[in-house]
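You will see chain A twice below: alongside chain B first, and alongside chain C after that.
== the complex of A and B ==
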C-alpha cells in the first residue's frame, strides 16, 4: 500500500512535464492538476490555522523578546538584547535554569529506570495483564492539574497521609519534631517532591511506549536467533535494543518536551517556592510575563527554553522521518 | 500440537512461581499509581473533621461518609458553570479540529501531493512547540480578538495542539482505508469531493471518533492557557476552576477540591485509557491499527 502510494507520484510528475510543454492553460485541466488543487485546498484550513496561531505567535515572541512590551502599554519600544542582558544578570534566572536542568535530567533518569522496569514486567504474559496495564497508566491519563491537586493534599504540611504512614512505621519522627518532613516547605524536599510528581506522571507513559516497541519485535525473529544459538544477552543487544531504540528515542524526546514546558506541577504545588527552590523557567516566564505584566521579558525567558527543546525536537524529526517508510 | 494433557507438577509450580514473581514486582507500581486516586476519592466523601485527625488510621472512615462536599461544590461554587464551559469548549474544539484535520489528513494520506510527507511532519512538529513559548504572544492575539476572560479564547487556542495531533492521527488512519472504494465511487460518477464525503468518511468513523476523543482529552490536559487567559470565575473550565477557586487564602477545601477534581478526572482518565494505544501509535508515527 505504502509502496503504491510512494511509487505513484512519478507518473504524475511525468504528466506534469509533458503537459507543461503543451502549455500552462491545458495543464490546469489535467486530472493531476485538479487533484493538486483539490488536495491543497483541503490542506489549507489546517495549515492556515496552525500557521496563524503557532507560526505567527512564535515569530511574534521573537519580536516581543527584543521589545519592552508590557501589559497595558500599547506602544512597545525596540530595546535590542536588553531583555536578554538583564535576564542573564539576574540570579533568579540562573536558579531557575539550574532547577530546570536538575528537574528534567533527574526526573528523566528516574522515569527511564522505572518505565523500563515496568515495561519488562508488563511484556510478560500473565493473568490480569490488561487490568494491571489499565491501572498503572492512571497517572498519565488523569488531567495533570487534577492529579497535582491530589498530591498537594498528600504533601500537606500537617495532615499528609504519607507522613502519617512513614511516622507509623518509624521512618520519620512525630508531628512537630525536626524529623517531620514538610515536603513542600523545605527547599530540597520541595524540589524532590515536584520531581517525584513529574516522575509519577511520566513513567507509565515511558513504560507503555517501550511496551509498544517491545511487542513490535516479532517473536519469530527472536525464535530464529535462539535456534541459531544466540544467548539471551546477544538477542537483547543485537535484536531487541536496535529494534526498540527508535521508539525509545521518540518516547524520551516527547517526555522531555512535556517536562521542560510543563508549569502546572510546580505552579500548583509550590509556585516556585520556598524561596525560589523550585523555580523553573516556565514558572519564571509566567510570573514575569503574565503576573508582573512584563511581556517582553517573559517572552525572552521562555525563549531560553528553545535551545533546551531543540535537540529533542530534531531527534524526533529524524526518527519520524525514518519511520515513515 | 500434542493432545492436551496435564502439565507435569514441576511445570505448574514453575508457572505459579513466575506469576508470583511478576505480581510481586508489580505491587509497588500498582500501589503508587492507584493509591492517590483512592486517597482523593475517600477524601471527597469524608466529613471535614474526619480529614483532620492524626490519631486515627486515615485510610478509612471514622465518621459516616457524607455527600456534603459535593453539595458545596454544586451549590456554593461555580462548578456547574465550569462543567458547562468545559463541555462547550470541548465541543467547539472538536468541531474546529474535525473541520480542519479531517480534510488535511485525507489530503496528506491519499492525494499523492508533492511534499505531502514533509508537510505532514511539519504540521505534526507544531504539536511540539510548547505552550510555554506561545502563551505570551497568544495573550496579545486573545486581546486583539477581544476574548480576554472568556472561555471562547480557549476555543480559539486549543486547536493549535489538537489540529496537529489529529491531522497526524487521521493521516495514519486514512492510509489504512483501501483505495479501491474511492475508485469504485468515482467510476460510479462521484467527484473527488463526493467520494470523500459519501464513501470514505462513512467508513472512517472510528478515526473520526478517535479525533474527537483526543480533542476532548488533550483540551482537558491544558492548564497553562486557561490560567493565563481566563480569570473570571464563571468562565473557567473545570481543571482551572477546581485548582483556583476552592482555596480561600491559605485554607484549602480539600473535600470539595477532591470531589470536583475526580468527578471529571475519572471519566477523562477512563476514556483516555481506552484510546491510549491510539495515542501511543499516533505519536510514535506507526500506522494506526
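== the complex of A and C ==
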C-alpha cells in the first residue's frame, strides 16, 4: 500500500516517502500485524528446523549431484546432468531401481496385510493381551544391526537354523542336497529374504498404528453396524477404514519413506549381491558415493529416490487433506 | 627501577597485575611465534595424538597396539588415544573428518585405499618412507601402488594381510592329489573331493574376499587389471576370458551354490566344519580352526599361492597404510609413532599371530614372528615377492577403488558361473569399468 493511498496530502516524492514510512509504521502496530508476527514467530522454529535438517541437506545433495564432487576434493566443477547420464548408462542402476521398487511395494503390501491381521488379533480381549502387545513390538525396537545379524545366521548357507528345522521335518533334503535353500545366494530367494526381514521388522509398527486407530473407533458404531447385519469385511471397509484413514495415510507415508531408504538390512545381509540380485538404490548410492568416494554420482543415484517418493507423498497428503475438510 | 640502581617497585602495579601481564606476554609471544611460523608447534612432548584405525580381525593385536601406543606416549609425553572402528565404516569417517577439517592426527587406510582421493590434503611423508627404507632395505615394489601418488609418498605402508591357500592334506591324500602348486591342481582336487562330500568354495558375492580371491586367480592367469599408470582398464584380454572360463569350470565341478551367499567369514566356517577341501583365505581361518576343530586343524596346510597356466603366481593382499592429514594437529608425533611402530615390527607381527605381513624387505629376515617357528606357516616368509594389490599393475587409484567397491569383477565371475554368455559378461563388465574410469577426473 502506497503512502498516497493512505491519504498523505503532498504530491511530492519526499512527501510520499515520508507518508509511506509513517503508514508502514502504523500498519505494524495494528492488531492484524501483531497477529501475523505472533503467528509467524510460533511457526519459525518449525520452519527453521525443517529448513536446516531437511532443506539444507536436500539442496546440498542437489548441488553434489550436478557436480564432479569427490571425497577428497572440496572444490567441485559444475557438470550439469552428466552424473545422471552416466548412471543411466549403467545396467546396475536399472537392476537397483527395479529391486528398490519390488522391495518397497512388496514389503509394503506384506506389512499392510500382516499389520492389519495382527491389529485385529490384538484388539480382541484376551488374557495377557498387554504382554503380547508389548512383545510384538520387539522387532521394531531392537537395534537393527543386532536383529539383522541374527537373521544373517538364520539364513546362513551351512548352519541355517531354518534349513535344519525344515530338513528335520522332511520338507527339504540334507545339507549339500539340491533342494537345500541358499537363502541369500539364489537371486529371487535373496531378494525375498531381505524383504522378509524388512517385513518382520516393520509390520509390528503397522499393527500398532492401526491398533491406535481402531481403539479410537467408538464400539457403539461397530455394534450398530453389526445389528444392521454388516459383515466383518463390510464393517472394516465401510466403517473402520474411513474413520481411521488419516492415521493409515500417515502410517503408510512413514513406512514407504523408511522402506525406500532402508540401507541397513540389505547392506548387512548381502551388500547388494550376488550379482546385484539385492542391489537397491541406497546401497548403490552408498557404495558409489562414500565407499568409492564419488560423491557426485552417489548423490545423483540417491536423488532418483526423490521422483519415486514425491508423487506417492503428494497423493497421500492430498487425500488426507481432502478427508480433513 | 630507580636511577640509583636498587629495585623500587611501582606501587601502582600489584602482584596480581604483574603475574597476569607476564602470562599474557608469554601467551602472546608464543602465539605470535606460531602465527609467524603459520603452524602449530610440532613438538611431541606434552601433546595429544589421536589415531584412527580399524578393528583388527585379531582382537589381541588391537589390545597390544593400544598398550604399545600408551607406553610410547608415556615415554614421550604424548597422550595417545586410538579409535578402532569396523573397516567398512572407515571411508565415511575419513570423509567426515575431511569435510570438517578436523579429526585424528594419524589415520589408517585399511583395505580400502584412499591415498589417491585425499593426497592433496595429506602430508608428504617421503622423508619417513626414505628413512625407513634406509633402515630396513627396500620397500616391496607393489607397496608404492598403495602409498604413492605421482611418485610422492603420501602414505606409509604398515602391513598387508596375505590370502594363501588353506588345504586339507588328508582329503587331498585320499584322492591321490599332492600338495597343490597350480590352480589346475586345486580344480582337480575339488572335482574329485566334491563327489566325496568335500567341495571347495570361493565367494561369488559382494564381499572383500570375493574381490581379492578372484583377482588372485586373474593375475595368476596373466590378467592385468589396468595399464601401469592406472589410467585405463586392461581387462579386455584373452587371459581374462580364460580365467572366467576356468572359474566357471571350477564352480561346476567343485563347488555348491552356497558360495553365492558367502560373506568374508563363511569360508572360515566352511573349513572349520570339516566339509571344505580347500579355501583361499587369510591365516585367521587356519588359526581359529585350531580352537574350533583341532582335528581339521591338524590336517590343514598352507600354500603361499598357486600358479596359473603360464606359471605366474600372484597373491592379492589387503594393504594397510598410515596417512597424516595436513590439518592434523600433531604431525611430528604422528610421524614419530609410525617410525617407532615400524622399528618394533617384529613385536607387532607377533601380536597379530603372524597376520600382519611387512612391506619392508629386511622384516622378512627368517624366522619371522608368528610364522617362522610354525612348520605350516613358515612357507609364508617370502610372501612379499608374490603379492599384488587391486588395480594391478596400476595404482590403487580412485577409479580402481570404485571398481572394487561396486564389485564389478566378482559379478563378472558370478554371471559366468551361473551360465551367462562369456562375451556378454565381458561386454557388461567392461562397459561398467570403462564408465567408471571415464567419470573420474584425470590426476
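Everything below uses one rule, namely that the second predicted complex is superposed on the first by the 240 of 325 C-alpha atoms of A that agree within 3 Å, B and C clash if a C-alpha of one lies under 4 Å from a C-alpha of the other, contacts with A are read in each partner's own complex, and residues count from 1 in each chain.
Everything that follows uses one rule, which is that contacts are C-beta pairs under 8 Å (C-beta built on N, C-alpha and C of every residue); 3 or more make two chains touch, one makes a residue touch a chain.
Just so it is clear, the model here is predicted, and its values are computed rather than measured.
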item	value
Partner chain in contact with A:290 - chain B first, chain C second, else both or neither	both
First, second, both or neither for A:145, with chain B first and chain C second	first
Which superposed partner A:259 touches (first chain B, second chain C, both, neither)	neither
Partner chain(s) touched by A:60 [first = chain B, second = chain C, both, neither]	first
Contacts of A:70 with chain B and chain C, given as first, second, both or neither	second
Contacts of A:183 with chain B and chain C, given as first, second, both or neither	second
Touching partner for A:100 - first (chain B), second (chain C), both, neither	neither
First (chain B), second (chain C), both or neither touched by A:159	both
First (chain B), second (chain C), both or neither touched by A:134	first
When both partners are placed on the shared chain, which of chain B and chain C touches more of chain A	B
Common ground on chain A, meaning residues reached by chain C in one complex and by chain B in the other	152, 158-159, 290, 295
Residues of chain A that touch chain C when the two form their complex	68, 70-74, 83, 86, 89-92, 152, 155-159, 176, 182-186, 190, 270-276, 284, 287-288, 290-295, 297
Partner chain A, residues of chain B touching it in the complex	18-19, 22-23, 25-26, 29-30, 32-34, 36-37, 39-40, 43, 51-52, 54, 58-59, 96, 99-101, 103-104, 106-108, 110-114, 117, 119, 121, 123-126, 128-141, 156-157, 159-160, 163-164, 167, 175-176, 179, 192-193, 217, 220-221, 223-224, 227-228, 239-240, 242-243, 252, 254, 257-258, 261-262, 264-265, 268-270, 272-273, 276-277, 280-281, 283-286
Residues of chain A touching chain B in the complex	1-2, 4-5, 8-9, 12-13, 34-36, 38-40, 42-43, 45-47, 49-50, 53-58, 60-61, 64, 114, 117-118, 121, 124, 126-127, 132, 134-154, 158-159, 161, 164, 175, 200, 204, 208-209, 212-213, 216, 247, 250-251, 254, 257, 260-264, 267-268, 281-282, 285-286, 289-290, 295, 298-299, 302-303, 305-306, 309, 313, 316-317, 319-321, 323-324
Interfacial residue positions of chain C with respect to chain A in the complex	88, 91-92, 94-95, 98-99, 112, 114, 117-121, 197, 199, 204-207, 210, 256-263, 266, 269-270, 273, 275, 398, 401-402, 404-407, 410-411, 414-415, 418, 428, 431-432, 435, 438-441
